[in-house]
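Next come the structures, one after another.
Next come two complexes built around chain A: one with chain B, the other with chain C.
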Partner chain A sequence: MATSTVTNRIEKARKGVGVSGQGAPDQGRRKKKGISARAWTLLAFAFPSLFLLVLLNLYPVIYAGIQSVRDGDLIDPGNFVGLKNYTDVLTQPSFWAATRFTIIFTIVGVFGSWLIGLVLALLLRTKVPAGGLFKVLLLLPWVVPVVVSATSWNWLVATPQSPLPMLANALGLGNVLFLADPVLAQVTVCVFKVWVSFPFMMMMMASALAAVDVNVYEAAKMDGATNWQSFSHITMPMISRSTYISWILMTIFCVNDFPTIFLLTGGGPVDATTSLVVLSYRTVFQNFQTGPGVAIAFVMTLVLVIVSVVLYRQIRKVNIE
Partner chain B sequence: MAAATLLAACSPSGGSGGGGGGGGGGTIKFWNMPWGNTEFNTLDEEITKAYKPEDGLGAATYQVIQWANFTQTFSSAVASNTGPAVSSGGGTQAFQFEAQGKIAYADDLLESWKESGLYDDFLPGLLDTMKVEKGYAAVPYNLDMRVLWYNTTLLEAAGISAPPTDWQGYMDACEALKKNNVYGYGTGAGAGAFTGTHALVSWMINNGGGLFDEDQKPNCVTPENIEAMDFVLEMVSKGYVDPASATYTSANVDSQWEARTFGMGYNTGGLANNVGGDVGGELAVMSPLKSPSGKQGALFFPNSIMMYTNTPSQEGSEAFLTYYYQNMTPLWTEGTGIGLPPLKSITETEEFQADPTNVKIITEWQPVARTWAAPGGDALFFDVTAVDGTPAMDTFSQSILGGNTDSKTALTALQSAIEGALA
Partner chain C sequence: MSTLTVGHSLATVASTEKTKKPDPGARGQWLRFVVALVVTVIVLVPIAAVVILSLQPSLGSTTTAPITLENFGAIFTTTNVAQWMANSLGVTLVTVAISVIVAAPAGYVLSRARNKLVSGYSLVLFVVQSLPVVTAVIPLFILFAQIQLVDSLVGVTIIYVGSTMSVAIWMMAAYYDSIPITLEEAAWMDGCSVFGSFTRVVLRNSLPGVLSTAIFSFLLAWNDYLIAVVFLRSNENFTLQIGLQSFFQQNATNWGLVMAVAVVMMLPPVILFAFLNKHFSVGGIGGSLAGR
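Up next, the complex of A and B:
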């Protein structure tokens, strides 16, 4: 077969031309048609859902967008101030401090919970006695309402008489202030987030691992691959799609996470654990400044969309490969 | 959460007063908070439903509003004209809604009470706290006091025969308690624990200071306030304050009192009941301290009942409130756990007099207690919402209790934060 013929066929295939040479009809020559009765029927069926979707999602977002360019509060819509709320927010040190903590919280939350979830999913893939019981127990941090787990963690670390500070004291570490010291409070909140989130990651990874054909491992073993080589060259690539999806979801969960932080530290001490979502809440509901508070929420949403798009492109890349 | 904030911004705004809300068919919608134990709202509902209006006026309906997210509950209801005709609520709620034109002034109501004697039954100075430029924004309902408590057993064990009466005495008592591993200034300013902030402002007021001047403008960096915060910072540096206090919740604070690691400190008038058990019986309220400036005082919150412009009948709202105030005494005499009463006649009842702690608070603390408006005035106003449970105050309290600041720096930062919130 001549090279030019092969190239020609590949080119045709890229354009979607089939073996028969017909391919997809030329868009430019497609005959213009009106909307068919079937399309109208489908649209009519979809309308109630579409209407509710617009009403419950689009309208609030549009209204919030309007609020973000006004100087009102929860009752009074206030006056139009253009982009002042955005410029005010972006020039506030508190916003950047909250952004910094949000990034730390998200990175630790996503990758900490993913690592633990992956390790546990790999361990639970092997047959262990009472494996079902372990799975249920490991799911508890995710299943228990965060109000309950935050209260439990508060009991664990808040006062010098709490179990962990007493343990630290017994180990000669002195009076460790898990929540009162700004840096330790950040660490505690991040660890709490990892603890709450790893069961979700474990489930995601477990389902991804279940889809990997065991014959591939056997073939690799016969070729002399070590366990690490099997993990890095077979397991990781084959679960990468689920991994990216779980990262996207956990990034959204972490950036939007309000109760974990607010219930444990309230954003303190001295704003050390104030994330963007906590800052947004406090601005709207404690300072009654709707415009700047909603502006923070919009900036957050924009960043989240960008991060999600970048990760989603990675998923597409994985699919193509 | 971002979505929640976006959604929260969507409460319909504008449109003041008008009918439609406040209860259909002329009924007066009364919303009240869980001010006491579980018996409070049951009895309160009974009192409300026993209201027999005069001809042409509407009856009253009763609704309990939980404290969780109450600001959002009221804001969205009032903004959408589906709110109550009469309600209690947060300590500064009336002033917030008054600034939005949603409050029906109580001037006519209070005028009518002058004839019936109800007006003169209020404790001295209380009604003044509700007066704004255009009239009375609300009517005092119950008093939430900040007072100094001490554990009698722990003080005795530290060799202190009588509770301190001035700041130096307080510092000496702290030193004596420290020898027994007890913190002399028990407090907490963590998530939702606003009492820690209230205590700091109480020290300022005790020294003749406070947060607002005569023009109702924030004025935090004053000699009185600096001296008061220096006093607190000295206690922090000397180890009289639990180093974890900055992030203690109210439950943590109560647990420290219960564990007998707190020997003294500011708290609400209900601390002994909250702690309960043997320790609850050991707790007592001391007399107000005399500060270096020779003054006395502490912060207090005159919680109120307000009327809204969105009512089927203003006459109906006023008639119901008159009935309610004439018949609300059992809320205090039947041990429902509500804060201190606003009426002298209730404080004179046998049941109230049987509690020496409450009597001490009413006779010794109430007369010297001041509102957020101190030292400039007593009448509350809209801008105090910038200091009532706000991030600025949390940050200030946590920085002081953390001890890594000085008074002037912390107060200057607070001044800027309040001004920023009011801008």
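Up next, the complex of A and C:
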């Protein structure tokens, strides 16, 4: 199916039909008016989304860009200060601490959820009694609002009287302070993120696996391939494209994530779980420094775009192969 | 803890596959069933805890029954939860409706018109989508403060439409890609306009795509926290997100009541998924991202 759409696209591209409406040799027999009517229709189709995109996405980004080189706050636009906000931000230790945690959080979030999602997708692809029910139940962590699950995780781990610390105590691990110890709080937040995200990965991987022809496995088995060989030589190459896409999407989700961290720990203890987004939010809405807050967000976005482009190139490579 | 179990399950699956040869079927199936069951039970602990705690008598309760619905009665009389629920539902449903109405024709353009302008548009959508919401929130806050849209459900709805739109457009475009162009060409031959073929041929065959898009927009809007916490100030304008959060901060130890609000909040998306999960596919998001 993928190839047929590609052929369609090439054909369409050759005809040159589109908003600009140039060429179109084979539609030439329909009057010229017909072509422009199509172009006008498509423009009208795109218009509402263009309007909202400009108003709600592009305008804010440009405005934020301007604010990042000024010293204003939420009410007063302030004066032009050049790159001062950026140099201030980049020389702050708290920025680098937040960067470090964002990287840890993203790597664990992406690969942790991908690994669990893939394993569960592989498991549920085989014949399992009540498999359909498991598929639905395992989506729940992703479907349930983060406010709800963060509240529940708080109940599970927050105080020494919570169930998990009590359990740890009973097992002789002593007082485990999941959210009060900096390192343990980082681990807890990362595990929480994996818990929230793996169902999304499971869905992505399941739809990728659904496209793999089962007969290929039979053929490989005939040729004496082990299960691991058919996994690494057949399954992985066939789903590598979807894998890269899911990594890109999850990287974006993790870097931009706010509620998962903020609702569980608020960025603490002693800023151990403050990611760049949380730092940016605090700078703007708690310290009322718009410029530095936006500068943080922009530096973050720049890195995100670079990572996305690298991964995107990787997809292209896979496509060509 | 769940990671360990899953790692273990991988090993189990591998070994089951190996022993399957002499006895294909039953035994391996049940082993996999046990693995799936164990993983599911562990994964669902936090969600089960919400439900169980909401049914337990809360602090200061006089009932002796082990399971009670009095928490639900209590939250509806002592808090604004009914109002929050109405706010959340209103905001979310309007967001879903507008997103789909805007994305359905825009996705058609992305799917059918192939030129530099359109692929540029698609790229802009991707970049915009990957920007942190915080960047957009600040300028919109300043703008909305001038036109009285801060602490307003209308204001929040407008921003939700902006934040769901890009993904909605991709999902629609990905679905249209699967509808053969020949169907439309036949309609054009019969003198149908582009608008006519879009509504009568493409849209009519796109119900699953529309449903997926609607479900995704619903989840994004219903589950948002950041936008609501920045823009909504007064209690009667809270969505359930902010309502639950503020209620939790005030009654941190009264878990029965807090969890009752949590149950109210998670019911709509869970019910939606229980009925419509067959129609929901995230594959489309990736497909459209890589195809362009």
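In this section, the second predicted complex is superposed on the first by the 272 of 321 C-alpha atoms of A that agree within 3 Å, B and C clash if a C-alpha of one lies under 4 Å from a C-alpha of the other, contacts with A are read in each partner's own complex, and residues count from 1 in each chain.
In the analysis below, contacts are C-beta pairs under 8 Å (C-beta built on N, C-alpha and C of every residue); 3 or more make two chains touch, one makes a residue touch a chain.
Note that the coordinates shown come from a computational prediction; the quantities given were computed from them, not determined experimentally.
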Which partner does A:T102 reach: the first (chain B), the second (chain C), both, or neither? neither
Who does A:L177 touch here: chain B (first), chain C (second), both, or neither? first
A:P160 contacts which: chain B (first), chain C (second), both, neither? first
First, second, both or neither for A:Y63, with chain B first and chain C second: both
With both complexes superposed on chain A, which partner does A:S113 reach: first (chain B), second (chain C), both or neither? neither
After the superposition on A, what does A:Y281 contact: first (chain B), second (chain C), both or neither? both
With both structures placed on chain A, which of the two partners, chain B or chain C, ends up touching more residues of chain A? C
First (chain B), second (chain C), both or neither touched by A:N256: both
Taking the superposition as given, does A:P269 touch the first partner, chain B, the second, chain C, both, or neither? first
Just to be sure I read the superposition right, which of the two partners does A:A297 touch: chain B = first, chain C = second, or both, or neither? both
Using the superposition on A, tell me which residues of chain A are in contact with chain B and, in the other complex, with chain C. 59-61, 63-64, 67, 74-75, 255-256, 258, 262-263, 277, 280-281, 284-285, 290, 293-294, 297-298, 300-301, 304
Chain C contacts chain A in the complex at 2-3, 6, 9-10, 13-14, 17-18, 28-30, 32-33, 35-37, 39-40, 43-47, 49-50, 53, 101-103, 105-106, 108-109, 112-115, 117-118, 121, 124-125, 127-143, 145, 158-159, 161-163, 165-166, 169, 177-178, 180-181, 193-195, 198, 219, 222-223, 225-226, 230, 240-241, 244-245, 248, 255, 258-259, 262, 265-266, 269-270, 273-274, 277, 281-283, 285-286, 289-291
Of chain A, residues touching chain C in the complex: 1, 4-5, 8-9, 12-13, 16-20, 37-38, 41-42, 44-46, 48-50, 52-53, 55-61, 63-64, 67, 74-75, 112, 115-116, 119-120, 122-124, 126-131, 134-141, 143-149, 151-153, 155-156, 163, 191, 194-195, 200, 203-204, 207-208, 227-228, 241-242, 245-246, 248-249, 252, 255-256, 258-259, 262-263, 277, 280-281, 284-285, 290, 293-294, 297-298, 300-301, 304-305, 308, 315, 319
What does chain A use to touch chain B in their complex? 59-61, 63-64, 67-68, 72-77, 154, 158-161, 175, 177, 179-180, 185, 255-258, 262-271, 274, 277, 280-290, 293-294, 296-298, 300-301, 304
Touching residues on chain B, where the partner in the complex is chain A: 1-11, 13-14, 71-72, 75-76, 78-79, 96-97, 100, 102, 189-192, 242-249, 251-252, 255-256, 259, 261, 385-386, 389-392, 394-395, 398-399, 402, 421
